[in-house]
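Okay, here's the structure, questions in a sec.
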Amino acid sequence: MAETARQSFDPLATGSRSRQLRARTIVYALLGFFALLYLSPLLIILMNSYRPLAEIVREGFISGPETMSWRYWGEAWGSFCLGGSCEGVSRYFYNTLVMTVPATILSTAFGVVNGYVLSKWRFRHDTWVFGLITLGVFLPAQMTLLPWAFVLGKIGLSNSLAGLVLVHTVQGISFTTLFCRNYFVAVPDDLIKAARIDGAGFWRIFRRIMLPLSPPILIVCVIWQFTGIWNEFLYGAVLTSGANQPITSAIVAFSGSGTGERHYNVEAAAVIFAALPPLFIYLIGGKYFVRGLTSGAVK
Amino acid sequence: MKSHRSVRMSSLSAFAVVAVATTAQAEPKINMMHQWAQGSEAEAIAKLGEMFEAAGGSWEQTAISGHTSDMLAKLSADIVAGNAPPAVQLKGPEIAQWSAVGTMADLDDVAAEEGWDDVVAPELVSVMKPDGNWVAAPMNIHRVNWLYSSKAILDELGLEVPTSWDEFNAACDKIMAAGHTCIAHGAADWSDTTTFDSVVYGMDIDLYRKAFQDGDVEAMRGQGMVDAFAQLRKMVGYMDDGINGRSWEQSMTMTMTGEAAFFLMGDWTVASANLAGFKEGEDYLCNQTPVDWGGTGFILNADSVVFFGQEDPDYVQGQKLLASTIMSPEFQVTFNVAKGSIPSRTDVDLSKGGFTGCQQQGLADLKASAAEDTLVRSMAHNMTVPQKYRGAMMEVITEFVADDSITPEEAAEQLAEAVELQD
Amino acid sequence: MQPLLGARLSRWTPQLVLVPTLAAAFVYVVVFSVWTLWISVSQSTLLPNMAYGGFGEYAALWQSKRWIVSYQNLFLFGALYVLGSLFVGTLLAILIDQRVRFESVWRTIFLYPLAISFIVTGTVWRWIFHPQTGVERALSDMGWLSANVDWITDRDMALYVVVFTGIWHASGFAMALILAGLRSVDGDLIKAAQIDGASMPRIYRCVVLPTIWPIFVAVTVVLLQFAIKTYDLVVALTQGGPGVATTVPAIVVYDLMFERGQIAQGAAAAVMILAALAIVLVPYVVWTSWRDRKQGAAHG
């Protein structure tokens, strides 16, 4: 009922026709302006990934490409020399994939179950428990670096991708629990009560009621975690070594020059490669972000 | 040449074989942590790896680019986790500091075998042996106090390269009057301090030693320092408006294409200039930064590799092999030609191997400066006082450059206070 | 016996399920924070050293101009960033809510910046904002010679450039969640307001937005943690400059701990960051529990 009533509300359909037209024009004009503002960096990176370096240095970053070449893309992916090997960013790309996927899945799984417990199975001090878990999102990475290094050293996972997965999972659970719990709170308690009266237990209710309702928030968690872990630099650089480094290290390597010129064009192409997986996930999952939080539920 | 090289190679290999034989089949391996992930330094490190492998070692490297703090963060994290890295790129007072808190490898036998004490520049030996044992191997010597001048502008106005600060100011006045920018600069804490290093050193070498080498706060608040800040303020006036956010390579390009007249920077400029195709003597001239006390000035900076104590005998052997490789004349030539610096061994002949005129001049100046007792180490590049003082000083200096409402008197006082605060 | 044990266990299942997370959160939040607190009064320099050293590091910290500027920046940047992102996000959400065509296109355009890492965001916007390479250069090449887009080199304006870039990055996320919230508002409420003759902006301001305030809270929490942890963005965009004008506390913590080998002082700075957080959070928690008690009293 909520959905249909909402759909029939069209704010711009009030008032006279000319007022409506004016209102629509303003809306689209504003959207267009913001869209241009938001897109401009992406367009600039894209444009500069085709231009020869001499031209970029001479003309600046925001000027029409005079000559265009695809080869910087190939260099960025497969042949540019970074950090001891001349394989471009492809190696780092796979490293990051190996690290990000497990951490995302694990932290989302824990988050969904934790959110379920904290929203539907109240017990004493559960708000404090929720608060403790949530506080984890605020801790700056610089502060927790050494303690993590110590812990990983003690359990034998230092300088390994597995250790990195552990760190990201634990830190991610704070976020996913926060999101999932706030989402599940909107699920009516009556549903749970009815199920319990029918004799369903903890896991049954989870499987039959909560899971079917959770795709939107699951996707939000996956998007959030994947993006955060994929783009993270500090832990990736410090808690790995040698051939294990993630792609953010590779991107930073472009800017740390020393002597020699900075290859802005290859860097631009590499940046796009680095941004593709999160962008892809946003493209296919974006609509779940905005789907109504009570979509399809209940009434 | 080739046979010379193969003799070197086989002596290295011979050493490796002997080392291997005498330590019960340990296979030398190493994992070197450094900051050079990209560019010509990365190639030079790759060369080091090739040489290491050719001598029988198993090579791995961990390149942490970004800022030095990222590499230092990894170093701390590794040590806290119980995995001190076998080889790390550290320099200056850090070597002594890490020696104090960690266990270092002992390279004395390799050093004695190869006679390092005789060939390494004296000012550097004490840095590599903080407690009397060799714990680090120096890769190069950089000179920080170079003045690069645009030949085009000097020729146009009929000027000579200035040798004292008064001459410099006079030249700049003429150059600014003719409509050119006098000094090319990219503002950042280290580059502002690099310039200031040269100013203080050139104006009063004793002040430099007291304030920047010994960290004497009274020297920092003295009149000499006030005068130095006044000169720095003057120099900011000779720069253009775009110094914030400009990289040092852009400043170098400005000078060498004739947009600006002077550029104060260390000798790594030469490596960049070579890559960009600029020619010394045609596009730019290299001289020491002005000194008021006549004579040869040399502010020294050196990159080095430090070796932390290891349990694994393979790493122990690897460390000795790497140290030996780094000190080998062949590596010194390859690395330093690429980097624009000069070898840390004073017995290498710079007229072969591709060293530029400026680099050869640098070595001659190093020897002259050592003889004249004017050789100092660079504060700007972390060769003298511990980082906590240096960082505090750099903050003051870079704020001074960025904010022209700070007077030289205030700046000198702030400098002294910043250092006092760290105790 | 079995059914009893089974029943007992299943009664505790919810709490048991939480145990791994609780253990991890306890170590991660409590133990690490206590460790940081202890280190801040220890003698640690290059490496952690558990010997007691006194509160001198806090004193030294608060006499450093760079720290004071960075702490001020934390509050200034934090407030502008959170409020700005909320404002822009709400505006965009309301615009998209007007049953516009190509909604998925608009939504993707505003959302994609969040997929870009802070380092890349800072780097690209730096290219755009720097007078010699970016907009000012492009404008002057086109003939507009007196164009001045050099705020990034201006000590007073550079922080606002950071704010702008941060809002660019995060407002899409705010928009997404607020849009979801807008869509979940009960249509009857709005119909009622329309019948009463309220205009559209009025309806949004007085009916729709207040109803979805929990969404605003969730978004604020996320934006707040971004603001506190800001490091990569500033380093890539301005490196904390000009001078120390845009330095933020996370930069100072990292620098002190690792580059300067003053772990104790770095830990003190980290503790101060948490204190800043408490200054914001504690009043909120107090207000929430006061409000809940009031509601409880009203019902009871």
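Think of it as A, B and C in the order they're written, each chain with its own count starting at 1.
In the analysis below, a contact is a pair of C-beta atoms (placed from the backbone, for glycine too) under 8 Å apart; a residue touches a chain by one contact, two chains touch by 3 or more.
As the structure is a prediction and not an experimental result, all values here were calculated from the model.
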item	value
Third chains touching both chain C and chain B	A
Chain pair with the higher count of C-beta pairs in contact (A-C, A-B)	A-C
Separation of mean Cα positions, chain B and chain A [Å, integer]	41
Whole-Å separation of chain centres (CA-atom averages), chain A against chain C	15
Sequence positions of chain B contacting 2 or more other chains	67, 70, 73, 76, 80
Contacts with two or more other chains, residues of chain A listed in rising order	145-146, 148, 233-234, 252, 255
Of all residues in chain C, the ones touching two or more other chains	48, 132, 254, 257, 263
List of chain B residues in touch with chain C within their complex	67-70, 72-73, 76, 79-80, 94, 97-98, 101-102, 187-188, 241-246, 250, 386-388, 391-392, 395, 398-399, 401-403, 414, 418, 421-422
List of chain A residues in touch with chain B within their complex	57, 81-84, 145-146, 148-150, 152-153, 158-159, 233-234, 237-239, 241-243, 245, 249, 252-262
Residue ranges of chain C touching chain B (in the complex, touch as defined)	45-48, 60, 63-66, 126, 130-132, 150, 152-153, 155, 235, 238-239, 241-245, 254-255, 257-263
Residues on chain C engaged by chain A in the complex (per definition of touch)	10, 13-15, 17-18, 20-22, 24-33, 35-36, 48, 91-92, 95-100, 104, 106-121, 123-125, 127-128, 132-135, 137-138, 141, 168, 172, 176-177, 179-181, 183-188, 190-191, 194, 199-200, 203-204, 214, 218, 221-222, 224-225, 228-229, 231-232, 236, 250, 253-254, 257, 263, 266-267, 270, 273-274, 277, 285
Parts of chain B lying in touch with chain A, wherever the complex brings them together	31, 33, 35-43, 45-46, 49, 60-67, 70, 73-74, 76-78, 80-83, 247, 249, 253, 268, 271-272, 275-276, 339-340
